[in-house]
Each structure stands twice: as C-alpha cells, then as structure tokens.
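Per-chain residue numbering starts at 1, and chain names A, B, C, D and E are given in the order in which the chains are listed.
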C-alpha cells in the first residue's frame, strides 16, 4: 500500500510534467537569470555558485510543498486514504518520499550540470551534491507539514513561506557549510554533514506525525 | 463587466491570502536567504542587489502566472466568461490587470524596504521602483499567455518556466539597465526605459489575443 | 465542410496525408542517398583536406561540425514558425504535424551546436560555458524548442495541443530577434566585446568549401529526418485511430 | 426565433459519438436530450453554445433577437458549478449579475430560495445548495436559450419543482430550453431526443 | 454485526443540523437517508466513517468482523470522485485495489462495465462514466459497510440498475448499506430515515 502510493504518484508526476521537471525548470530559470542579473563575471559567479544552488533548491522545495497534498485533497482521494488500513502517517511519509524523489533528488544529481553554467569549482560537485541530497530529505519532510497546513487555503504562498522559512534556515546554513567546508578545514564538513543527517532522521519521525495530525483536522 | 472581474478577483485574492501576500512572502524568503547563502559581504550585496530584486520579481511573477486562470478554468467560470458579451481578450486583460495589481505592483512599491536589507544604493530606489512597475506590466501580460498554456496540466511548472523564460529575459535585461543606468550614462536609462514602455504597449495588444486564442482551444 | 477555393484545392491535394505518404515513400531514398554522399565528401574535406588553423591547430576542425549545426538550429525554428502560421490560417493537420516533428530535430541540432561549442570553448576560453550574447541567445533558443516540444508532450488532447503549440510557435518566433537584440545590448553594456573573440581569421577558401558542403549535408540530413518523422507521425496517427475504433467496439 | 441543427456529427477522441443529428426548435419549445452515459449529451450542448466544433453539420439560429453569437444568447449550466468558495452566496451571484450586464441580484437569490443563505460562505454549502446557486444564474439576466446539463443533480424535491416552474415560465415567455437529464423532469418538454439512436453503432 | 447510532447530534458552522438521531442496523439491512438540501445527510455519513465528530451521541459497531476502526470497515462514496485525470481508467482502479490491499482489479472493471474503457484516460470520461469509475471501488475489496452519498448522480438507467444489484448482493452477503439520495433507488431498503424530522426547527 505504501508502494502503491509511491508508484501512483511518481506516475502522475511523470505524466503531468510536474515534479522533477518543475523543479529543474525552476532551477534552470534561476541559473539563466543570475548571470543576466548580476553580470557574467566568472570570478563572482564561481564564488556565489554554491549559495545560489542551495537557495534554488530551497525555493523549489518550498514552492512545490504547497502541492504535495493539494490535488488529493481536492478530489477526495486523501480522505479515502484516511480510511485505508495504512496509517495516515505512512501515507504522509510516502508523499514525502515521492516529493523528495521527484523534486529534490533530480536537482541534487544534476548539480554538476548546472554547476558548469555557473562556473562552479568542479571539486565541489560531489560534496555539494551529497549535502544537497541529505539536506533535501529534511526539506521534503518539513514541506509536508507546510503543505498540510495550507490545504484549506487556495493560495497558501505567503503562509507557507513564512511558516517554513524558519525551519529551512538551519538546513541552508549547515548544508552550505557542509558543501563548501571541504575547501577549508575538513572537520567542518564532517560536523555539518552529521548535523544534516541528524536533522533528516529527526524529521523522518516527527514530520509525518505532525502532518498527519493536521490533515485529520482538515477532513472535518 | 470588465470592472466586475477586477473587483471579484481582487476580493478573492485578498480573502484567500494569495496575491500580494504571496509574492511579498516569496521575495522576503529570497532576501533572507541571499545573505545567508552567499555571505553577508556589504560590497558584494550592494553590487548584486538590483539584480537580485529583479530576479525575485521575475520569479514571483513566473510562479504565480500558473494560477491566473487555473481556478476559473477548473470550476467552469472561465467557460462561462467565454459566453459573456465581453470579448475573451478583455477578460484576459482584466485578469492581467489584477495579477499586476496584486503581485507585481506591491513588490515594486516595497522595493526600498527590501533594498535596505540588501544594502541597495538609496539613489536607486526610485529608478528601480519605476523600472519594475513598468517592466512588471509586461511580465504579467506574458504571464497570462503562459498561464493559459499550462491550463490543461495540473502542474505545468517546467513547461511554464521554459516557455516564459525566453520571453522574460529581454525584460530583465532592459529593466536592469533602466534601473542601474542612472549610475553611469544617463541616456541608457532613457533608452532602456523607453524600451520597457514599448514592450508593455506591444504586449497589451498581443498577449491578450494570444492568451484568448489558447483559452478557446482549451474549451473544447 | 467549407467550400474550397482553387488554390486551397491544390494545396489540399498535395497535402492530403495519403498523397503525402505516397510522395514521401518516393522521395525518401533519394534524400538518404544525397545525405550520405554529401557527408562523405564533407567529412573528407573537414577532417583530411582542410588545413589546420595556424592559431587553433587541429582544434579548428570542430568548426565543421559546430557551425552547420548552429545554422540548422536557426533554420528549423523558422520552419516551425512557418508551419505554425500555416496551421493557424488554414488549419491543416499536416502543418501541425510538420511543426511537431521538426521541433525535436531542431532541439538536437541546437544541443549539438552547444555541445560542440563547449568542447571548442574549453581550450579556447578556458571555460565550458560563458554568458556571452550569442551563447545566451542560443541557450534561450534551445529553451524555446523544449517549451514547444513540452506543449505537445504535456497537453493530452491532440487538437488542443496543436492550436496551443501553433500560437506559441509564432510567439516564440517574434521573440527570437528580440532576445538576440536585447542580449547583445546587455552584453555590450556589461562587458566589452574584446573579451570574447569568436572566430579567428577570415576564412580561407580551403576551409570554406568543406564548411559549405557540411552545411549542405546537414541540411539534407535535416530534410531526411524530418520526412521520416512525418512519415512515422502519420502512420502513428492512423494506428491510434484504429486502436480507438477497437476500444469503441 | 428558430434554433436549427442540421446533420450534426460529433467526434471526440477519435470516436464518432453521433451523426445525422437534426432538430428544429422554435421559441416556446423545450427539448429533453437523453442517452446512456458517454452518448454525447454534454458534447451536444457544448456544440450548441460553440465550445466544440462539430465534425459535420451546423447549428443555425434564425430571427435572432440580438445581433450576437449563439453562445451569447445562451445560459449554459454545466456539470461544473462555477462557484467561488471564498465568496459568499450573494457575492457569487452579484459577480455574475455584473458580468452578464445589469443582472437582477435579488431575483437570482429568490429563484431558489437562497435568501436566508445570502451571507453564507459558498464553500460551506452542501452539494444541493451549490447546485441551486449555480441554477440561480438563470434568473439573473434574460437569455433566450437555456442549455441545462443535468440541472437536477443533487436537488431536493422542492428545488426540482422550482426549477421546472422556472423552465415553464421561460418557455411561456418565448424562450427555448434544451435539457440533458437522466432523471425525470416535470417540465413541459415538446421534443425528446434520444442520442443512442444516432450513434454510429459503437459503445 | 450491528451498527448503532445513539442520540446523535451534529452542528455545522454554528447551526444545529439534527439531534436525537438514532438507528440500529444489523448485517443485511439497508437504510435510505433522505432530507432536503442542507439537512445534513452528507454530514451524517461523514460522522459514521469518523471524519466529523458529532456534538453529542456516538456511533457503535458491535461484533465487528475485524479489529479495526469503523472507518476502515467502510466504503465511502462521496460527492467527490477521487479520480486522477492523468491516469487511465485501469490505472485508477489498480491504485485503489493496491491501496485497499489486494483488491480485484478485474472485478472492479467489470462491476459497471468499464472494461472497454480501461485504456481510456480518466480525465476524458463523461460525467456518468466518472461516477461509474468511482463506484467500481465498491467491488475491489470487500468491506462490510457501504456509505453512499448520492451514488446515482449522473448514472444512466442501466448503471443505476447495476448499482442496485450490487447493493442487493452486498446485503445478501450480510453487509450494511447506508445511502443518501434524492432520487428513487430500487434497492431493498429496510429503513428510511428522514433527517428533516430531526432538525432543530431551522432552515
């Protein structure tokens, strides 16, 4: 049943051109606009590249969080899932997995590609990608909580960004230091990376419970 | 009838917490994340501030474009508007006006506020704001075309960003040069600004026609 | 059905899918043959006959792959725009098909131009990619292609997709010169033209003729591919109809 | 006024739904369209108001009261409700009244007895109440042709009765009504069109 | 198995919809819930499957076949269709079959004769065909209690007949059916509950 949700959602996303495509499109937009907006200077670009990549990742997760449950809520599927044998917490977890697989993971994997356009230091490709993969798991899980909160509203944009932003900031900070840490002291990379993993583990437990609780309130 | 649409849509947006709130929230997120992501160096920030402001504006317009027609399409209102005495082109124009009033304008007006956070040169406040107001009119109109295209899909994210991005780049280029032009040669500001106005005028005519054509195709 | 004028009758006669299929099957082998011959000649010229550049050395041979690809990228978008206009004005299904099938080919050529350009750029400029005016506009052209393809892929209803794609094809075409213009404007503003010098010395005849032949080869290759794609498209459409009939029964 | 369909054929997704469909309705006449699920009732109504083009044949309107397209003379009530859940009942009605041009809001509210719910949020209405809200558009402005796609969905007996009364009034005033429905409607239909008979022999 | 409601009261948006509602259904019994629009039929069904909490009273299930909540023993067919328009008919059914746990896809497809449409995109179905797709969930897995909220909306005569047959079978197998409907359903209802009688005297 868990895999049924995952399989269906991935198929839906592939078929509707959302998910991965959407976040890639978003990041693409950012990457094209940055040189246009702040000048094509190689030095500057290469310096701010990791930050830009992380911000693009965060924004794209933030923006797609709103849609994690929306469609299922509006057509009544979510309600029915509440009547399944599978606990709602696991339904949420499945949704988070799909969200992560389709929006954060492709982004992290294509880091080198986008990095080339921003003249990112090639030695950072692997650490940045790894840090993004780990960090984005937390982002997706927290995104589920935000997505559940904004279900009642049609355009939860402001609410979701204000709600989730404080949660995302630590990930940005640690993620960034994990990505570029290898340039400087090696232990920074390790500590920050461990923090990212700790965040991810904590949210695997906490976020589904929180989100499922909020969803139940919406069924009334 | 034109004003009926505008009045209703503004009311809807105010009530659902979208529109202005949403784009302000988005820009706020960006502005908070930028110093975190690329370091709080004053010099660098102040240098890239106009670019960041423009990019934030573009992204927020891009992301909300998807929703210009979505709700009305899904609940059948848009179809009914196609049966009204008002030509569909004017319906599109009304939607564009609302989109501009609620997402681009508030952003342009709060430029100084956000600029402070990014250490933007205060002499740029007015030119930047003015250029953003003019440029964003075109952005909203083009957003309508993109929004119309993606109606068939539930998550047209990637497609809409890929479709609209090439349309937006000229606005970014001229808008930016209109905003910062006053720092250097004065005539640049004027020419770019005139270009922005020319774009706006051209899109007032062309975009509603294109968008209405696309909408009609969706009624089938 | 609408009355048809004499001119339209002529058009419909040659453009009726069945007639077109017959025509296609007759022309295709010739196209393929010409393409093969031209490529053989062109590659011989480019790889063996043409001299290495005095500044770029053997590197210059990338040019023979790169430049014609870039030409094709621009040409094919024009074809799409023409097809779109035809589709909007005469509502002919073959025009839709022509646009739909041309786009992936165009995207491939554009991608090829970008890849070969990057391969060339790494030794020449020391970077795979720079945000120079020409590169930026090619990149955006690539996105225009992807967007156009995306419309066909993503809108389920074929009739809708055709109309939307036609409108967007035209909009994109109007936009191409605007992009080109604005980007070079932006570039000249932020960055003096002296930093990047694409191309070396004026082209010598010994380098010119392989280039021209490669250009022709690319062109016939495109024609061949497009014809094949249209052929497949028509056949697919028929298969789909048959399948739907079967569902109906 | 005379609404005429000539040898209409309709194809959706590559399948022929019906062909050779003909009818003529003059002012004061009502037609009930019936047929099994997927027969093409909705498609027929959408062809009449101009959203879909028929593959063959056409719709003509003779002696039209105003010089405008057929669609602009139609009230089309679709399966979808065209209701904004963030607005109140009155605001919803007011919008359509203004959009159609100087419509009568109070008449709309009164048409299905939505007066007591006027200040209520439309998103909280029950299914049948929503349908009533949709149907009340019919009384906002006067349009000659009513195209009703399963208008009685979710309505209780009182509301169905009201709907039939409105249809009767409209016919008496010289209007045309075309309704597709699976349930029995008590309105004075003069013609019944069964689309099943016109299908090309496929399900 | 015995489903029992004791002095149920429900309040929505500050208004008392009904109070003192009682019923007892044993396996094999069917109840038809009627009442005017906004009476609270949908609310009652949602109370039964546990989405809403009643302001007073409670629902009890005696001798339940499995040790799980009442909701998990229910098939709830709501106004909403729970159909993904990007998936085909078969994919939609398959998902619910897998989600409910080892459901029988072919039985689902056969239940309302959707076999020929299996490869069709669910988004392109007509209104009644969508409803059939929704209803075919009932036959995927066996659940003891069926809660049907206006199940016949948009169904043609054949499909309505099929629905009633399925209900009859379910009852014969010892299940419980509670249906809210404005139209006449031909199933063998043993009880009819009119909610209007239980309202607190308000419209």
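Some notes on this structure:
In the analysis below, contacts are C-beta pairs under 8 Å (C-beta built on N, C-alpha and C of every residue); 3 or more make two chains touch, one makes a residue touch a chain.
The structure presented is a predicted model; accordingly, all values stated were derived computationally and were not measured.
When C-beta pairs in contact are tallied for each pair of chains, A-B comes out on top.
With centres defined by CA atoms alone, the chain at the far end from chain C is E. Placing every chain at the mean of its C-alpha atoms, the farthest one from chain B is found to be E.
In whole angstrom, the spacing between the mean C-alpha positions of chain A and chain C is 36. Averaged C-alpha coordinates give centres for chain A and chain B that are 25 Å from one another. Averaged C-alpha coordinates give centres for chain C and chain D that are 48 Å from one another.
Inter-chain spacing, taken between the CA centroids of chain B and chain E, is 46 Å.
Within chain D, contacts with two or more other chains are made by residues 13, 79, 86, 203.
The residues of chain B that reach two or more other chains are 16, 71, 153-154, 156, 158-159, 162, 165, 169, 173, 176, 220, listed in rising order. Shown for chain C are the residues in touch with two or more other chains, namely 136, 140, 143, 150, 154, 156-157, 186, 247-249.
Residues 1, 3-5, 7-8, 11-12, 15-16, 71, 74-77, 79-86, 219-220 of chain B are the ones touching chain D in the complex. Remark: chain E residues 12-13, 35-38, 42, 79, 116, 120, 124-129, 132, 150, 153-160, 182-183, 203 touch chain D in the complex. Contact residues on chain A toward chain B in their complex (touch as defined above): 13, 16-19, 21-26, 28-30, 32-34, 36-39, 44, 47-48, 51-52, 54-55, 58-59, 62-64, 67, 71, 153-162, 165, 169, 172-173, 176. By the touch criterion stated above, chain A contacts chain C in their complex at residues 16-17, 28, 32, 35-36, 39-40, 42, 116-117, 119. By the touch criterion given at the top, residues 127-132, 136, 139-140, 143, 150, 153-154, 186-187, 190-191 of chain C touch chain A in their complex.
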